[in-house]
Each structure stands twice: as C-alpha cells, then as structure tokens.
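Some structures are shown below for you to check.
Below are two complexes that have chain A in common, paired first with chain B and then with chain C.
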Partner chain A sequence: MSGARFAVSGTGDSPMAPSGTRTGVRAAAWRFVLQRASAAVLGLCVFVHLASIVYAVRSGLSAEAIVSRMHANPAWPAFYAIFVVAVAIHAPLGLRAIVDEWLGLRGFVVDAVLALFALVLLGGGLYAIRALAG
Partner chain B sequence: MRPESRSARASVAADVSHVMSSQTAATFPVRIWRGDAGGRFERYDVPRHASQTVLDVVTHVQRHVDPSLAYRYACRVGMCGSCAMTVNGKARWTCRTHVDTVAAGGALEIAPLNHLPIVRDLVVDMTPFFDKWAAAKGSFAPTATRHDDFARVAPKSKARQAIDATIECIGCGVCYASCDVVSWKPEYLGPAALNRAWTLVNDVRDGASLERLRAVAGDGGCQSCHTHQSCTERCPKHLTPTASIASLKRRVAIAAIKGSL
Partner chain C sequence: MHQNDFRARGHAAWWAFLVHRISGLLLALFLPVHFFVLSQALSRPAQLNDFLAWTRAPGVKAAETLLVLALAAHLAGGVRLLLVEFVGWRAEWQKTALALAGAAALAYALLFALNG
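Right, the complex of A and B next:
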C-alpha cells in the first residue's frame, strides 16, 4: 500500500477490513433480524411470565393448582412453546457474538457447537412444556 | 498612522509580550508518548498560558524542548481532522481542545489514538481507518453524466435532512479510537465508515445503494454495533454516528426480509 491516503482512496484490501460472500452477508443480516425479532418476543414473554407468576403467588395458588390450570388451557403450553423457541434462537446468537468479541473464537466449529446448544435449549424446553401440557 | 497599522503594531507587541512572558510563565507537567507501540511516556514541563490548546502544548515541546517529537496537524481550526490524539485517556481533536477543559489536576497525558498502528510518538497510521471507508463503499457512485442537468434535491426532503445530520464528518478518527467494538473486533468497520455509508445511502444521486448495504451488512458491519454511543459522545463535530448505524441496521434488516440483499 502506498503512503498516506485520504478518505475513500483506500483500496479496501486491509486485512482488518471485513469481507464476505453474498451468502455470508445474507446470513449475517438474518442473524441480526432473528436476534432482534426473538428479543422482541422474549420481552413480551418475560413480562407475561412474570406477571402470571406474581398473580398466581398473590392469589395463593399452589404448584399443583397452577399445573392443573395449565393442563386445562392449551393456550399456556402454546405460549411457553413460543417462549422456548425464542430462547433457542436468541441465546445462541448472543453467545456467538460474545465468544467472537471476547474470546476471538469463530468459524464452523463454533457455529456447530452453538447450533447444538440451540437444539438442547429447544429440546429441553419443549420437553418441559410437554410435562406441563399433561 | 492608519488605524489598521496601529492595530497590527499592537498585535505584534502583544505577541512579543506573550513570547517573553512564556519564559517566565508557570509550568505544568505533561506526559507524552514517545516511540512506537513499545514506547513509554516521557515528562515535559510546559509553560502554562491562557486559552492554550493541547496542540499548542505539543507544538511547544517539539519547537522548544525536543524537535524529534512526531505529531500530525494541518489546519489548526478544526477542519482537517489530522490532529486527533488521546488526551488524558480520551480521544480528542487537539487543536480545539483547551488545556483548561481537560487538564485534570493540572496535568496532561497525551498519547496516540487507540486502535490504530503507531508510526512514532503521537502519529498513527490511518490506513486501516480509511481502508474501512473504502470497504464500506464510502465513495460516491454517480448515476448522471456531465451532459445531464443538475440533480434537484429538495432541502426539506427526508433523505437530504438525513445527509445534513451526517455530512460534516472530518475523518479525524476520534470515533474510531473511542469505539469499544473496534477494540473487540478489529474487522468492525467502525462509526466513521458506517456514518459515511449512511450518508451515501441517502444520496438520491448515488447508484450503489444496494452494493453499499451489502458491504455494511456482513460480519463486522453495522450489526456489530453495541450502541454504546462513545462515538456520539466524543465526536468533535457533534455528529451522531450511532443514529446513522441504527438507521443502516434497519435498512439492512428490511433488505434481508425483502430478499434484495
């Protein structure tokens, strides 16, 4: 590279500059969309979850009573299924950014481990909901 | 004597008086980075003056104490963007930074900008910074020729007003040196390059908007911003790169959902 350069006269070939294939760019954009969308869903889900817990506790409902009500109403398992799916999307994507920025780890192996982590969250969460649904 | 001659003579007299008083002025300690990345701070005692800028301090050291001190400046009036340094831990334009406002406890520590390779002393290599402008497609891509009529852009239009909010960047690198994400993720394009990209995305005369969105949407692009707003807080031109980056994120997300990315 030749000496000093002003603004846009750079070549963009710095090893520090980002690069990516069209597929990689789309994937990065979709990761962003999915994380933000899942965050919005989670915000609502956490609010409903906490509000229902506060309501149940203040009403003096026992654990058995809560579970029996959930068995009676299919909306609750559906709600928690959405909650779990949002968690399974949001948490691995957030961890991906953290291990990238803090540990400098990235690439296929990291993505594979995080995909596995997403499946564990999804599987464990849906299994728990199945028990709630009765 | 003509009034302006009298005024000029008075000005010269004031300058002479200023120089003479500098020989007896009280001094204050200034620590300046010397050498490359493996260098160290060295202490200098610099005469203290009213309305003294940090650039004045550095200039004094080079002209009166150690001529080997390397630093960069050009216009001295906040236009060229070449004199940014780290002053008492924060990136600042030194020509418009008065010692009064930053010398905590009456002392100064002056270092080169963060996140850029040190050439020597206070001079950094800006190549990565400007390469990222290029990587973000920060150059205007015209759609008209010289044979076409002037483009008519309504000053009140939303796109033009978005440009007004971003166009005054002088490329000083203060935002880049202040950005946490750049320190964590070296390939991150940084606030200045993304601010420039957003400026051009809003330029109705430009023909590379989609390519530009693709350039800023990859890993290391606008989505990496954590919205810490250090760039906005420290920008000497009071721009808001954070808002530009947020707008780019929205535009990229819409393009991804529409399948046009």
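Right, the complex of A and C next:
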C-alpha cells in the first residue's frame, strides 16, 4: 500500500486498518478529534452528573422529584442536551475501537450499525429530556 | 498477532486500559435502557416510581453501584488519558496518576453505596 499509514489507538484505527489513503487518514483524524473533544465535554458533564446523583438520591428519587428538578432551572435541560450530544459521539467511536481491536470487525456495515447506535442515543436521550423537562 | 505480551499485561497501565474499555462498554450498553426508563417520567410516572422502588432492592443497588463505579472509573481514567495525550507524559507520574484515578473512582462508588 502506498502512502503513509495513520494509526491512532483507541479510535478503531489499528495498524492493520486500510487507513493509508488520503480519505482514510482524514476520517481517522476526525474520529480522533471528535473522540477527544467529546471526552473533554463529557469530563465536565459526568463530574456534574455524579455530584447531582448524590444530591438526588439524598433529596428523594421519584418521577415527580426528577421532573421538578428539571423544571427548576432551564439550564438543566440545556446541560443534559449537551451531555447527550457528546455521549452520542463518544460511545459509538469507543465501540468502534472495541469491535475493531477485539473482534476484528470493521468496514461499512460496522460503521452503519454504529451510526444507527449514535442516532438511537441522540434520539433516546433528547426524547428523555423532553419527557422530563417538557 | 497480538501486540501485548505478558510483560505488557503485568503493567498497571494495561489494567487501566482494560478497566477503561470494559467500563465504557458497560456504560454504552446501559445508556439506551437509562434513556428509556427516564422517558417514562411524564407519560407513566407510576411505572417509573415502581422501577425506582425496585432499584432499592439490595441486589439491584449492588448492580447500580457497579455501574456508578464504572462511570467514575471511566471519568477518572479518561481524565488521565487526556492529560497524558495533551499535557504530557512523564514516566514518574504514571503510577501516581493511575493510583489517584483508581482511588477517586472507588471513593465515589463508596459514597454512592453509603449515601441515602
């Protein structure tokens, strides 16, 4: 294969992946950037989420309590919307690395299934926010 | 051919990699269920409340604590990875960073298990 190989660990770009093409390199670079950028956003989101879990369990965990907390401040639905978008990017890219490196699966079908999973997370997450804050 | 031999697997960073990967896998599989349960809050609040009551059963609480541990471990391990990749790698800091990440995750899981 001609051209430089581009392999980034943790993004499903093993040295065996046919990523030596210009398009392959560009796609791998985008996956790297998206995985790290979403990780940075999620770092903050998960920190806040972990703190709010302790608070929520202490102050009573019920459907009514969750709904009233989500209505208390419009910043909460906005925060969770950012959280959902970041996780819908991060989780499928992480799974892509796992199915590539552990199962040796890659290609169009894998990417299509993972894109569908991203849509399920995005749709399901935003629907849940609407159900709680709408 | 696997690039990891037994010497590589004996290193603390390899265990950190394994924990990061397995916790990420668990969380990814859990998320659709999490979203589905929460989406019932408005349409079927009674069912959500029944579900929340069920999560207080000891076995379910233990599984929930494991999930929370996975989330805390994935966060702590992820912060460590971002620091390694974007701030810099120092050989003498790695074991400290791994120990801190593990301790933070375990401490939070303990807080969750004993909370409420």
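Methods note: the second predicted complex is superposed on the first by the 108 of 134 C-alpha atoms of A that agree within 3 Å, B and C clash if a C-alpha of one lies under 4 Å from a C-alpha of the other, contacts with A are read in each partner's own complex, and residues count from 1 in each chain.
Going forward, a residue touches a chain if its C-beta (ideal position, glycine included) is under 8 Å from a C-beta of that chain, and two chains touch if they have at least 3 such contacts.
Only a predicted model underlies this, so the values are computations on that prediction, with no experimental measurement involved.
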item	value
Contacts of A:A28 with chain B and chain C, given as first, second, both or neither	first
Which superposed partner A:R36 touches (first chain B, second chain C, both, neither)	both
Partner chain(s) touched by A:D100 [first = chain B, second = chain C, both, neither]	first
Partner chain in contact with A:G125 - chain B first, chain C second, else both or neither	second
Touching both chain B and chain C, residues of chain A	10, 36
Chain B partner contacts - residues on chain A that touch it in the complex	1, 4-14, 16-20, 22, 24-26, 28-33, 36, 97, 100-102, 106
Touching residues on chain A, where the partner in the complex is chain C	10, 36, 39-40, 42-43, 46-47, 49-50, 53-54, 57-58, 61-64, 66-67, 87, 91-92, 94-95, 98, 120-121, 124-125, 127-128, 131-132, 134
Sites on chain C touched by chain A in the complex	21, 24-25, 27-28, 31-32, 34-36, 38-43, 45-46, 48-49, 52, 68, 71-72, 74-75, 78-79, 81-82, 85-86, 108, 111-112, 115-116
Touching residues on chain B, where the partner in the complex is chain A	126-128, 130-135, 138-139, 171, 181, 184-189, 196, 214, 217-221, 223-224, 249, 252-253, 255-257, 261
